[in-house]
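As structure tokens, here come the structures.
Common to both upcoming complexes is chain A, partnered first by chain B, then by chain C.
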Partner chain A sequence: MAVFISAVGFGVVTAAILAISAVGFTLQFSVTNVFNLAFGSVMTLSGFVAYWLNHAGLNIWVAMAAAAVSGGLISLAINEAIYTPFIRHGLNLFGMVIVTISVAVIFDHGLQAAVGPTFFSYTAPAGKAFRFADFVLTRQELIIVGIAVLLTILVQVALQYTRVGKAMRGLAINASLARACGVPTRGVIALAWFVSGVLAGVGGVALFLDISTFTATTGSEFLIVIIAAAVLGGIGSPRGAVLGALVVGIVTEVGAAYWNAELKDVLAFGVLIAVLLVRPQGLFSRLATERAIAR
Partner chain B sequence: MSAATQYYIATIVVYICVNVIGAWGLDLQFGVTGVLNFAFILFQAAGAYTAAMLSLGPASASGGFQHYLVGFKLPFPLPLIGAMLVGGALSAVIGLITLRRLRSDYQAMVMLVISVVATVVAESVVGLANGSAGLSLIPNPAKSLTGLTLQTQNWLFVGLCVALMLIVGVLMYGLVYSPYGRVLRGVRENEAAVEAMGRSATRARLQVFIIGGALAALSGALLAQFIGAWAPSEWLYPETFVFFTAVIVGGRGSISGVAIGAALVAVGIQQAVQYMPIGSDPTLLAALEWIITGLLTLIFLWLRPQGLLPERRRRYLRRVKTGFAATKLQESAGT
Partner chain C sequence: MTGKWKSFGIAVAVVGALGIAACGSSSSSSSSGPKGNLEFAVFHAFSGPNAAYGPEAAAGCYPAIVEINAAGGILGHKVHCTPVDSKGEPADAVPAANRMIASSSSLVGVIGGGSNEATAVVPLFQQAHIPIFSTTGQSSFDHNTASYFWRILSPDSAQGSAMAAAAKKLGITRAATMFGNDIAAQGSAPSAIAGVKRLGLALPASQTLAVGQSSYRSEATAMSNAKPQAIITEADPQTSATYFSELSQVGQVPKLITDPVSQEPNWRKAMGGAIGTTLLNKQDYAVVAYSPATLPAYKVFTSELMASAKHVPNPSQWNADLYSVADYDSAIIMALAMDAAHSDAPGVYNRYVTKVTAPSSGATIVHTYAAGKAALAHGKHIQYVGAVGPVHFNPWHNAGNAFAIERYVNGNWKVYSLITAAEINAAAGF
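Coming up: the complex of A and B.
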């Protein structure tokens, strides 16, 4: 039982990191309809921004805030400079997936050429360990979980109650109707990319803190797990993404404790494939059904 | 020619043939039919592993230094045929999961996940295919012929690859320019129209998924036999992207175009990078290869989305010109 509870503890931390990133990934997808495979590269790039600031002597949490802003700006810049022109050029959704993977490949390997194939890590103390029954979490892990709770609630509240949040939801359900109702679509889409980038930045730094060493391709490798969580929850639904993150996070860590640490991700993907067979639109399915993503 | 030059040329030719066969498999799926198979490299790997296991013999026979699921020692064409069968069967399974109920870009996403899972499984379950160390000492069918010099054996294998490439090429032309090929292009261009004509788009997608998977497996089998080794690092998920670039650069749906694209992208970039004056740091060279591949995809999608040698369109209209429809066309044009 003790093993189980401590595994759940690790699972909560993994789920927190996943939730931050998966909400960013899925929110931007719901508004723009583009599957952004360069999301992991934005995580890595902003993670490296935090790394350089951190090694210049800045506190890691301040560096994380800076990474969040730079993540937002990078994400916005990629959309304005590459994605939007391609969409205007008449490329379909299908082609956009290839554009985003090209951007990911260029960014990851550009960064690799710049920093080399070595491993990096932040200088940040894990902090005092706190014990809750059989849960042992460090101060650092607690802060990450706290940030995740805060950010996901913030996004949810903003989507539910603010004007711009409603505009985003409107755009997600029916873009042309939203435009006809006077929603400034361009601005809202830009904001969605920015927010998604901010979440990628925070998620990236949190991930790199949690796994302690990272390379120029760590973000893109983790993107697969993020996609699994987002698809599991129902693509385009931030609430679903949080739920998907919790399932994936806890299943992987409990699986690692009882079965085989190397195969922990396989377990999560097994759940994903089972869900896809039975309910391909995911757990929260409204948007996925609306967009005819799955039937 | 010195032995080294001969070996260099032979290697380049084998790599071109292997990549052309693979790229044709993807072209059938992505170029002709419009299926985004982001797990493509998985089927190449399946072929490579199958060919290896069907020719290595039982695992215990080699002193047990490598572990794998099953081992047989079958004569020449059987490992290649077995590889194609396994590639097709695996495609059928994965196609049934992904192709039936998901939108095309969503299919891509799910296949990407499947491709990564497969790598993780192959790396960590050592009993399957020797884990991350991979299989080695995979027999080359040409090298089992005794009484020949090493160079003759090498050229014999080159001949085998070229012959297989030509056979696959002829089959591709037959398939793509047949009425069935028109159904496939219809699935890409207008799924509703295909369904209205009484053809199942899902069935067509599943069929090309299986045929393409078998071609991927054939290319993997040849590659594994040529290199003599096969490990998970050979088939990480970004490798699929190289095939996509080859198809886009060559021309989606165009058979000769994709052959040129495969030669240029999969072999040409790597060779070009070797001769660039940027030193010989392997990480830098590999990174540069990837950056060029990515940029090439973006540039082609922007400037020339139809590729170097575009797919020939309205091929059948010309044939129709002499018939009834042509007179109708001329009449309507004349009035």
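Coming up: the complex of A and C.
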């Protein structure tokens, strides 16, 4: 039982780290309809901003805040400078996927050329460890879980109760109708890119703190798990992304504890496929349903 | 499902394929050098998770060509090194190798082909009649029949046995194992595990990790609960750093019995960042092929390495790296074989590789390219004793080494203890 409890606990920590990024990814996709595979690159770039500030003497949590802002600005800039012109030219979803992959390759390889093919670590002690049977949580992990919970609640509340959040949801369901109703689509889309970038920045630093060390391509290497969490929860649903991250995190840790550490991904992605067979729209997505109703 | 969502579904389906396609697009170059020059390809990963392997091999090739060119080149030809990015993946390495073979008329030899791609590319170089000096550790090459394949360093199976023997030598009675599930790490895992059992040590945990995960907390907890005195381990820098960082949080990091990977600057940087350099240096016992730093060729290597700073950033980081040292010897051996054959044609000089390395009565022992070239010019037989020591190729083109346990002390690797052939044989069951 102790093993199970600790595996679930570890899964929650993993989920919290994935959830921050998964929420950012899914929020941006739902509003803009751009399947942004350069999201991992934004995580990495922001992570490096935090690295440089951290090694200049800044506390890691302050550096994380700066990374969040820089992530938002990078994300916004990518959209304005690269994606928007393609969208204006009417490039379809497939074409945009290619563009986002290209951006990811350019950013990752460009950054690798600049910083070198080596590993980087933050100067941030894990802090005091809190032990509950086999389950050990460090102060740093507790803070990351707290940040994840806070951010996901903030996003959910903003989407549910604020004017701009409602505009985002409207845009996600039916962009034409939202525009006709006077929603300032350009501004709302820009905000969605910015918020997504902020979450990528925080998620990147949280991930890099968790895995201890990172390279110029680490963000992109973990993107598939982040997308898996978002798709499992229901693409377009921040709550779903959190739930998806929880399933991925707990299944991998319990799988490693009870089955075979080598096959933890097999188990997690097997569960993903099984769930999508039963619920193709994901566990929690109302967006697909709402979009269908709007048509 | 609406049209938009159908599109999304299809988009998701193709994302994987597109990603693979993107990864598969090689950024390697294989351009020929200036007319009349000869070319050694450094065929390794220069990007991706194993991106450090390429610079590591280049740190062997560039010092060699400094030495060769300073001695007047090979048969009057200057030599240069051409980095070619295999990305450490067969899917990328095969087209990169094919492009290189097809486009480079001055290519005379290949340095590289690591464990992750060697099986896929060695047949290509064999078919093209181009010698490849590989650092792969795969046991599938222990009885290699490809006449253009050469391996200077011991295979992973010998490495694994040596790691188990090292545990016994260190007085360990409970040794756990942790290996990544990639090809490179798996090469030494079976012989290490078998060696631990064969030597009568307890094996409280034996883990194979899926590399590149965001968390190994459950695995680290299981390892901590097993309470080993030492962990015999090989995994890539990212996996090792995440795992041991989490192990240090749930318990204590015991002695680490590692392999030459732990001497790579990237591995030490990642692990140092994860658990701290003090703890890493205290617990790490690297089991590596033994090459005395007093060897004359090794001194030449370190000197030429420093002279290669134009192409090898921060060259001193590689001066104790066994792979760089072996790759240096590989280039020198190929150059001497060409001189001995009076031909730079790969199909001709390949037969002379053993003639410049095998011990024989009356052979002049040489430690540098210049000395070997001069001796050959005077009609003498030579035996090159390189920076890794004597290189005795067996009928399968494999050369073995003695092993040593080394420790990182005050910024340098020091031999802590030698592992004898008898000790390795006991672990291997011979």
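Just so we're on the same page, the second predicted complex is superposed on the first by the 283 of 295 C-alpha atoms of A that agree within 3 Å, B and C clash if a C-alpha of one lies under 4 Å from a C-alpha of the other, contacts with A are read in each partner's own complex, and residues count from 1 in each chain.
What we mean here is this: a residue touches a chain if its C-beta (ideal position, glycine included) is under 8 Å from a C-beta of that chain, and two chains touch if they have at least 3 such contacts.
Everything numeric here is computed off the predicted structure, so don't read it as measured data.
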| item | value |
| --- | --- |
| Overlay on chain A: chain C relative to chain B, clash or fit | clash |
| Which superposed partner A:Ser6 touches (first chain B, second chain C, both, neither) | second |
| First, second, both or neither for A:Ala228, with chain B first and chain C second | first |
| Contacts of A:Phe94 with chain B and chain C, given as first, second, both or neither | both |
| Chain B versus chain C as contact partner of A:Phe194, first or second or both or neither | neither |
| Which of chain B and chain C A:Val103 touches, first, second, both or neither | first |
| Contacts of A:Ile211 with chain B and chain C, given as first, second, both or neither | second |
| First, second, both or neither for A:Ala129, with chain B first and chain C second | second |
| Superposed model, chain A: greater residue contact from chain B or chain C | C |
| Chain B versus chain C as contact partner of A:Phe39, first or second or both or neither | neither |
| Which of chain B and chain C A:Ile17 touches, first, second, both or neither | second |
| Steric overlap of chain B with chain C in the superposed model, located at which of 26-34, 188-196, 206-214 or 224-232 | 224-232 |
| Residues on chain A lying within both footprints (that of chain B and that of chain C) | 35, 37, 93-94, 97-98, 101-102, 105, 109, 112, 116-117, 227, 231, 235, 260, 262-263, 265, 280, 291-292, 295 |
| Residues of chain C defined as touching chain A within the complex | 1-2, 4-5, 7-12, 14-15, 18-19, 22, 27, 46-49, 51-52, 54-55, 181, 207-210, 212-219, 221-222, 225, 237-238, 241-242, 245, 249-250, 265-266, 269-274, 313 |
| Chain A residues touching chain B - in the complex, by the definition given at the top | 35, 37, 82, 86, 89, 91, 93-99, 101-103, 105-106, 108-110, 112-113, 116-117, 224, 227-228, 231, 235, 260, 262-263, 265-266, 269, 272-273, 276-277, 280, 291-295 |
| Touching residues on chain B, where the partner in the complex is chain A | 34, 36, 97-98, 101-106, 108-110, 112-114, 116-117, 120-121, 123-125, 238, 241, 244, 248, 283-284, 286-288, 290-291, 293-295, 297-298, 301-302, 305 |
| Contacting residues of chain A [partner chain C, same complex] | 3, 6-7, 10, 13-14, 17-18, 33, 35, 37, 92-94, 97-98, 101-102, 104-105, 109, 112, 116-121, 126, 129, 134, 136, 138, 207, 210-215, 217-218, 221-222, 225, 227, 231, 235, 249, 252-254, 256-257, 260-265, 280, 288, 291-292, 295 |
